[in-house]
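Below are two complexes that have subunit A in common, paired first with subunit B and then with subunit C.
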Partner chain A sequence: MVERQSPEPLSPLEPEFHVGSHGNFEHGVEIILTETRPGSIVQLAAWPGEEKKLIAAIRTVTGLALPDGAGGGLSDGVKSVFGFAPGKFTVADEAEGLAAAFAKVVTPAIGTVTDLSHGRTAIRIAGPKAEWVLAKFFAIDFALPAFPTGAGRSTTHHDVFAQIQRTGADQFDIYVFRSFARSFWKALCHASEEVGYEVQ
Partner chain B sequence: MLITCPYCGPRDVIEFTYQGDGNRERPDPASQNFEAWNAYVYDRLNPAGDHNEIWQHSGGCRAHLKVVRNTLTHEISSVAFMRSDHGRGDHGRGDHGSAARRKAEDKA
Partner chain C sequence: MSPRRADTGGRIDRLKTIRFTFDGTAYTGHAGDTLASALLAKGVTLYGRSFKYHRPRGLLTAGVEEPNALVTVLKGEVREPNIPATMVEIHDGLVAISQNRFPSLAWDINAVNQLGGKILSAGFYYKTFMGPVFGPLKGTRFWMFCEHFIRRAAGLGSAGSAKDPARYGRMNAFCDVLVVGSGPAGLMAAKAAADQGARVMLADLEPLFGGSANWSEETIDGAPAADWARRTVAQLAGRDNVRLLPRTTVWGYYDNNTLAALERVSDHKDQPVKGEPRHRYWAIRAKSVVLATGAFERPLVFPGNDRPGVMLAHAAERYANEFGVLPGERIALFTNNDSAYRAAVALKKAGAAVVAIADVRPELSPEMRKLASEAEAEIFAGHAVVATEGGKALSGLKLQRFDMTNGALIGDARSIHADCLLMSGGWSPTIHLASQAGAKAEWNAARQAFLPPKPAQSWIGAGAFTGSFSTAEAIAEGRTAGIAAAGGQSTPSVLPVVEAVPGDPDPAPVFEIRAKGKSFVDFQHDVTAEDVRLAHREGFVSVEHLKRYTTLGMATDQGKSSNVPGLAIMAEALGKPIPEVGTTRFRPPFAPVSIGSLAAERFGDLKPERLTPMHDWHLANGATMYSAGLWYRPMIYGHAGETVEQAYVREAKATRESAGIVDVSTLGKIAVQGPDAAAFLDRVYTNMFSTLAVGKARYGLMLREDGLAFDDGTTWRLGEQDFLMTTTTANAGKVMQHLEYFLDVIWPELKVHVTSVTDEWAGAAIGGPKARQILAACVTGTSVDNAALPFMGIVRGEISGVPVMICRLSFSGEMAFEVYSGAGHGTHVWEALVEAGKPFGLVTYGLEALGTMRIEKGHVTGAEIDGRTTARDLHLDWMLSKKKPFIGSAMMDREGLIASDRLELVGLIALDNRPFNGGAHIVEEVDEANPHGSIGHITACCYSPALGRHIALALVKGGKARQGTRAHVSDPLRNRFGPVEIVSNHFFDPDGSRMHG
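Let's turn to the complex of A and B:
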């Protein structure tokens, strides 16, 4: 099979992506917003009873060993993985080609691989007020004991899905539908104005 | 009203979709028993108290849930996966995260 050339990914945020400090930042910047632009975003789902094989496949392909527990996950800074539903996982990688790598390991008997690299936009919010800003959007507990580092959550903002992974004590990666990403980004900027934010 | 999803933990009711009365029993699709079909489509217990219901966590993990809700107080006394294999130990996600942790803390 001829390897298909991946189209150049274009950011849906571009017309609203203004690098620099914004809002009320005279007393310091308390939020850093950026787009992580992973090369691959893949959704994996195991058939009932095949979950352990899928978790083993994730380890084979990414080298990441998923912790036990619903919504458990981890990130090594390059690759990230988290559970968002029973037997379902989101995996992201800075490099392209994750779906092809999984397709070799996740056989049709184990589960399914869905390439969402061009279907989702990954937005990173970091800083001491990250929890506080996100609490304006999502009705979930963002405190560290309830939402540990590496863990993922699936929730909605105005009925639009968002998957959130905590990738640091005060850092979250949010995966939103590409077609809603610009609107979500604008809302995130507005919500961050009062504490001062910097787009990087 | 909060529903504690067995996977996601406590979430606002806005994330859930009501899928109907959990007491109904669907007749065999080939059944010609019109009374059974009539009961399935129309008859409801409508209790003033605990009620078996089906909900979907449509704004979260999308799992279908068996919920017991008190129709007088909205108290949710039980939530479980419709699929029994979602809760099994060999599911690989045996500990249901924050919900299970909270339960353990309550007991302690």
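Let's turn to the complex of A and C:
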């Protein structure tokens, strides 16, 4: 995609995005659901042997120094990056234009840049029961020692492919395909009813 | 307080009264009661009717192994049958009914079956319905005649057909140590593992943790065992690294230490709280497992052992100590081991009169004699129960001297008046999960039981599960197991001190008392000792065959109480020792599992919905949506009063006359990037892509490796190393897998990345004679004239401030353009195009019109690329490059794939001007009454507004050569027969003049 100087993109969640508190409040609201709506979501992929150069390029563009190793990641609250497969990374930024910025530093000899700013929807789940609700969906160990802050995972829920980054002790950002986002969102709300949730 | 309820004791809360009904009668119980204990407290002795003979049955046990007291629980219109009353926690408003009886539990007409004992023995169905001839009825026909009556008379509860409104959930869990069972061994294991810092899960099928500590009346460290259990549980509950799962049955042990469990979350509540599931299925991945599942007490097999009032000894002890309920007032015991004596003392303490203890062993230890004396019970050593008396409740029993060395009964029988007979035939460790996990159980002659096999997966046993029946052993083994499971080293430690009633854990090797009368082995399936011997006489020597012929151990309780006695009787009949006869392998589930919990939240259509960026616009503008795989697409935008056919005909006609716009966002889109992207596409497609100029698109065809057609679509070259591949909607995932497979496995040396970008782009295809004018009216930043945007050209511009990519290509056969924008801007661009099109008569059209126009053009889709057709069959052989190899090129010229009689794509015109149906056959013979000799079939059909005819695409043998000839369509299922003309598949504008402009 070219850089955006255009109307605000529509959220795929819109008709099902009901701001307010829902579900069982026996123990208060234990889940906060939001759509983070980053301005840019980019996928980077390095050719075998070029991973370190790509990690350096990520640092150049975002200032985030990734740890070496699969699944590692970082988030500074504005920009986020995590590895989701060998040599492959998802990068998100509140600002637009990330793909164009990477296109300047990720040369064809290092790897490829794919703009997914429209193609992925970022949903944030936070709160003391975030691990509990996510465990209903994914066969992933969400405990902090097994899934440290900043780290990312690729997985699926039924037919919905998802990338998940832990962006806080009890906070996760989930990237799903836009076309599945509303369906996934509804399922997430449904699963959160048990513990009480608030949509912000 | 009821006559059977003690004033004190047990875990129940006497201050809280619960009201429920059983078979329409109102009862009360207390919080903490099971349905079984609450009814027992009210003096209820009759709980169910047996499977085959409809014999009256009472409570045999107090736990999950209960075979007799199965009930149906009603919640509104929903009925759940076959739940052991021992596992139903009462709550206000509980409605339970008995089952397998008519008209009532007390007066069951099918009790007449008891008179047909010989006929209804093992193998009844085989002998009755596969053998003799009764007049005109024999074999299957006789079965069909009898089936209705048999199904009414035999069986368990009946399932309902009402939709279950309850919610079910699923949970994935990971832990270092899963402890199954929360008796002293399990609690100690969980504590020891947690102390090591391990992440621990503790699951128990009972609502209260503690297992035997809840009812044993032993002391641990000077306090009642139940108090020790409460303290230990409280400690565990306060730790962050422990998850406690009460009411959770671990029912399956699978590979890689994956275990399945069912948590009964809200069955015990009047109403679940909002969002709370009824059941929750846990998929648990445990690094290590501690199996502390305890043991089941075995019944003894003797005549009348199923009469209501005959109960397992430990069950009575549980009812007395855990629920404060006495199962009878005059209680007798019959045992082959020491454990029953503890029950005698407990019941005496609870207020019952223990009138007799019959023990098959001639010599009893001084400790047992002391316990019997404490219970004020008369001892009958070397005696056996040979009969019971009473109807729907026990009134007495008969004892006779018994020689356990040869099973002989000696002398005269002696009657004893009792309203409850407790029996104990020894204990069988609950090895089900270990058996599921792998190896074969091993017989232990001393314990007269199958003990757990050597672990095949990462589990450790502890307590009664291993055959260590004392609490002290359980605590020691639990600690060792917990530490080992957590990966720690066990060091000497001061263990809790247990004070327990003494006893020898080894029973006498007596399973059956052979006397006159029906002696039941499997209570739930009405299998008697004589059935087992009959099976042996009829040649069934394998334990697996025995099981299937007699149905021993095949009911919902899966033989928890019957397996070992059944095997022992079989072994005796065979004259072999039990280990030589062996045992059957336990399989999941350990206890019945609700289907709802397995489906969990995945119900209804079972699939998530996949929506295009313009979905809400379509709905708001009158579209009838159509499910296409996971996608939802507009079928038509119908006007008031229009039929589907009228709508699509209008839409297609308007498109050909002016312009139409359709949402094509669902097309698969794959970014193919990298220095070798062009070379890769040359290998993937049958035609050349490396020669494609940047800013141009090309139609491509892919074959499978076997040479058959796979998928088609256009691929756009956006840069030297940057391609945007489009696929059919249906095959997007398959094509992606196909590409990834070849890149990962076959050509890893190619520097190519493929990424699904289907969701990145919204796509709108606008076609028709006025399409270019509409674009020109709303696109800025680029010209869209023929020079700037020739056929298969690509330009970038803006529509209403949104960046767009426009490619001139056509599926409808009209001058057409695909407009791609970022998905979040899809609706914005769509609305701008629709607005710009208004002065030109632009219509929105759906899949039906899209399909109509592609049929008119003779374009293929998945209906023709059906996995059986080749490029030549579809007249796409012009796309098979001779300059390069490609996937499928080595196999596409096989003899069978180039035969002249293959099915080839043709067009059909209905000469009777009646509609076609997809799948209808094409025949040459004019014989409507006997259609035969199919030469092909219809793949797609429509009414063509352009031709004014009903037309179809079809695959017909040697189709191309048949063009211009006539045949018949034959569709007997839909009563359609009529003449057709076989023509070219290119019905409309065959030279493409409209498309090229």
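Here, the second predicted complex is superposed on the first by the 191 of 200 C-alpha atoms of A that agree within 3 Å, B and C clash if a C-alpha of one lies under 4 Å from a C-alpha of the other, contacts with A are read in each partner's own complex, and residues count from 1 in each chain.
The working rule: contacts are C-beta pairs under 8 Å (C-beta built on N, C-alpha and C of every residue); 3 or more make two chains touch, one makes a residue touch a chain.
These numbers come from a predicted model, not from an experiment.
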Partner chain(s) touched by A:E51 [first = subunit B, second = subunit C, both, neither]: first
Which superposed partner A:G69 touches (first subunit B, second subunit C, both, neither): first
Which of subunit B and subunit C A:D115 touches, first, second, both or neither: second
Subunit B versus subunit C, judged by how many residues of subunit A each one touches: C
Partner chain(s) touched by A:S183 [first = subunit B, second = subunit C, both, neither]: second
Contacts of A:A146 with subunit B and subunit C, given as first, second, both or neither: both
Touched partner set for A:N24, first subunit B, second subunit C, both or neither: second
Touching both subunit C and subunit B, counted on subunit A across the two superposed complexes: 139-141, 146, 159
In the complex, subunit C residues that touch subunit A: 169-174, 199, 273-277, 283, 285, 601-602, 607-613, 616, 630-631, 665, 671, 673-675, 721, 751, 753, 755-762, 796, 798, 800-803, 822-828
Subunit C-touching residues of subunit A, taken from the complex the two chains share: 1-2, 4-7, 9-12, 14-15, 23-24, 26, 43, 45, 47, 108, 111-112, 114-120, 135-136, 138-141, 143, 146, 158-160, 177-180, 182-184, 187, 190-195
Residue ranges of subunit B touching subunit A (in the complex, touch as defined): 6-9, 11-12, 14-15, 59-63, 81, 83, 85-86, 90-100
Partner subunit B, residues of subunit A touching it in the complex: 46, 48-49, 51-52, 54-55, 68-72, 83-88, 139-141, 146, 151, 153-156, 159, 161
